[in-house]
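Sharing a structure with you now.
For reference, chains read A, B and C in written order, and residue numbers begin at 1 within each chain.
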Amino acid sequence: MSKPKVAFFDFACCEGCQLQVANIGESLLDILDIIQVVEFREVMSEKWDGEFDVSFVEGSITDEHAVERIKKIRERSKILVALGSCATIGGVNGMKNCFPLEEVGKYVYGESYKFFPTLQTKAVHQVVPVDYFINGCPVYQPEFITVLKCILQGIPYYVPEYPVCVECKLNENVCMYDRGLTCMGPVTKAGCNSWCINNGNICYGCRGLTINPNTEGFKEVLKKYNIPEDFLMKKIEMYNKCRELDKQ
Amino acid sequence: MAKVVIKDSPYNLKKAKILDVKTLTEKEKLFKLVFEDKTWLDFEPGQFIMVSLMGIGEIPVSICSSPLNRHYFEICVRAVGKVTNSLHKLKTGDIIGVRGPYGNGFPIKMIEGHDLLIIAGGLGIAPLRSLILYSIDNRRDFGEIHILFGCKTPGELLFEDEIEEWGKRLDIHFACTVDRADPDWKGNVGLITSLIPGVDIDPLRTYAAVVGPPVMYKFVIKELLAKGLPVDQILLSFERHMKCGMGKCGRCQIQNLYCCKDGPVFTFKEIMDMAEAL
Amino acid sequence: MKIEQYRILEKSLINEFIDKLTSISKVSAPVYKGFNNYAFHEIKSADEVSLKYIPTIIPPKKYFLPIKETLLDFKKGNEFKVEPTVEYDNIVLFGVHTCDISGIKCLNMVLSDKPKDTGYLVRKKHITIIGLECNDYCDEYASCAFVGAHIPTTGYDLMFTELTDCFIIHIHSSKGMDIIEKTGIFKPADSNNIEELKALRNNKLRIFNNEIPTERRYLPDLFDRSFNASVWKELEQKCLSCGNCTAVCPTCYCFDIKEDVDLSLQSGERYRLWFSCQLDPFAKVAGGIDFRRERSARQRHRFYRKFRYHIDRYGMVFCTGCGRCSRTCMAKINLKEVLTSLIRESEAKIWRKWL
């Protein structure tokens, strides 16, 4: 059986998730034993004009060109994977949606903004169907490998529905709230093995909100820790603004 | 950290070979299995096994063949999740892992000498088929046998050949219904509960065995109680997501009962006051 | 108290003892992590150890029932092969509080119940427990006196109790005796030491008061009356379903079973992973029906598992009074408060009946 043909594409993003993949280290060789990378701008110049078995897409969709391009990629791909926060939940690009498009355009391009038409930021699944989601800013390498293995085995990958706290507690980290810091762990989807907190940072909520967050309860918690509610809402919006488009 | 092999681990698996795969409906397949080491699976009707697809997962599946069959055992699997979908892709000759049987099964010794009313909804026929085949094989040990079977559409009818055979038997009262008929369907239309009032049973000497989707139980029980069946003669088999099968992992716990160990078959009496059961 | 089962260690020698211990075995002990948090970690020398500590983030059950534990190694396909395995470590746990020891006793009960959990039992054989008695409460969250876990009874190999000028050590097993002999810095106890220990235990009865306004023996009744109590509804509003309470509980043992294949996709391992009844997918079945969908039902389930269900099944209360769940809860769900409200509500109902 020939190796599945895999491609990487980027839209509005920092390409940091692809860098994580390129930097996977030792297991990269084993990965290349089982897949054939046919297109990956960040690491190679070759292109492929056939069908892709698996396409990893980094970045969010922010203009008409991108919409057309992602649709074409979708058509050419048997499996489409959203890679990283920008692709899975819109990510930081979503902050654009807090402002009128015109204002955003002017801010970036000045008066010539009319030559650069733009759209509200969307996550990939808000434009085309997505088969697998690898959350995170950037993606967590072990999770990338896990998802890749699921794809190759033809089985689904379920992003954990519970919060980062679950993994964080098992890593026996000192709770950030005990340190007097506001951490997004309690309302953010797990799957990253509390990567940031293990390394002394707070959780920024890059993996998106949990499926069924007790928002009212969380507000009560914030009150107890004297954290203003809008401070938290801003923190949530940093990564999760595009969530509003899911509800429509 | 030292690592050793422990053969007596309760998580050890036996290799089972797929002897045959039969497509029953769009969603369900029947797998005929045999242990590679030629031992047979010693089980009671209503018990379940844990079926493993290595690298994919392990799921509880009820055994649907007769316990008296010493040649092979069967499971009927609906493709709904990761493991079941992968299982559906397997072919004759493929190997899967099996451990078990687990659970209590139907209390055959209690039922013997009584009439039996079997009520199956959809895939609930799977564990009940084991009981039906057993009671047919030991026909003399049972009084009247009634089988009521319901499913959503005629296309979802499982074990069609066997059903036809059961329907023809003179020593079994069989009735079948679908929620929604198609033009070719000539049988009953309506929920399974609609069949119960018409069954001619002596409630005090009848055991009812009920298996079906979670929503079905409340309504069926109501009808059975209206018929006058005593609460300890209504047998229900529950579906929960057992992970260990040994009363440890907690996934199947219904209040103080472990569905995998104390069940999956409970009398209505045991669980009637229990929230979270139905 | 048989005097020959006791030894004395000068207080100044405690560090020397720990250092000697690390030279003969792998040792794990409570280590300070900052912000009033402690954790059991492998230690190399005595200065890492905190002798005075409040219950660690995760209880030492993690050595008996690892957070992630391989159950099977497998090969798939034509070479189908399954090998059940157990990983274990010869390790001494130093400084285990009596609450955590009683947690391990609960786990022993469950995991040696048939079918036996062979992996657990193998690991247990290789672990030595050196207890450290608390002479006073660790903090306001503890309720160890209520469940009777504040006084050492069984379940350890050695038990250290701090007296005025020395530690008195109770030897409770041959594994414990081994350590006494190998380290060779203990002195025999004399009757004065024993008297002081007795006095200390008597004094503890005064210091440790029943923290909850009922007695253990009334728990089954209380919980039988409380399934529909209003407290659970309050918890529905409060609980964030983060699973912290169960992750830190010394008697929680629920788990999930998962698999991992290597990149060849041909071989891999099946493992189990701590899991929690507080989390969304826990009680879901195929088709998406969740038998404990509400947070209130999940919290209630947790309390009933601690205080009711397992009394029938194993004859034990599955709470050790360590207070971890209350200490760690972001929403400040406090076990002592919940029990107290249950008692108040139940009493009110009974009174109403009588009036």
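Just so it is clear, a contact is a pair of C-beta atoms (placed from the backbone, for glycine too) under 8 Å apart; a residue touches a chain by one contact, two chains touch by 3 or more.
Predicted model, so just to flag it, every value in this text is computed and none were measured.
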item: Most widely separated chain from chain B, with each centre as the mean of CA atoms; value: A
item: Comparison of A-C and A-B (more C-beta pairs in contact); value: A-C
item: Chain centre separation in whole Å, for chain C relative to chain B (CA means); value: 39
item: Distance from the mean Cα position of chain B to that of chain A, given in whole angstrom; value: 43
item: Centre distance in Å when chain A and chain C are each reduced to the mean of their C-alpha atoms; value: 38
item: Where chain B touches two or more other chains at once, by residue number; value: 55-56
item: Of all residues in chain C, the ones touching two or more other chains; value: 260-261, 265
item: Chain A: positions in contact with at least two other chains; value: 153
item: Interfacial residue positions of chain B with respect to chain A in the complex; value: 55-56, 82, 85-86, 89
item: Residues on chain C engaged by chain B in the complex (per definition of touch); value: 70-72, 74-76, 80, 82-90, 110-111, 113, 115-119, 122, 227, 253-261, 265, 268, 270, 272, 275, 277, 282-287, 289, 291-292, 297, 301, 304-305, 308-310, 312-313
item: Of all residues in chain B, those that touch chain C in their complex; value: 1-13, 15, 52, 54-58, 78, 80-81, 95, 97, 213-214, 239-241, 243-244, 246-251, 253-256, 275-276
item: Sites on chain C touched by chain A in the complex; value: 33-37, 39, 56-58, 67, 237-244, 247-248, 260-265, 274, 276, 279-281, 295, 328, 330-332
item: Contacting residues of chain A [partner chain C, same complex]; value: 27, 30-31, 33-34, 145-146, 149, 152-153, 161-163, 165-166, 169-170, 172-175, 177-179, 186-187, 211-214, 216-218, 220-221, 224
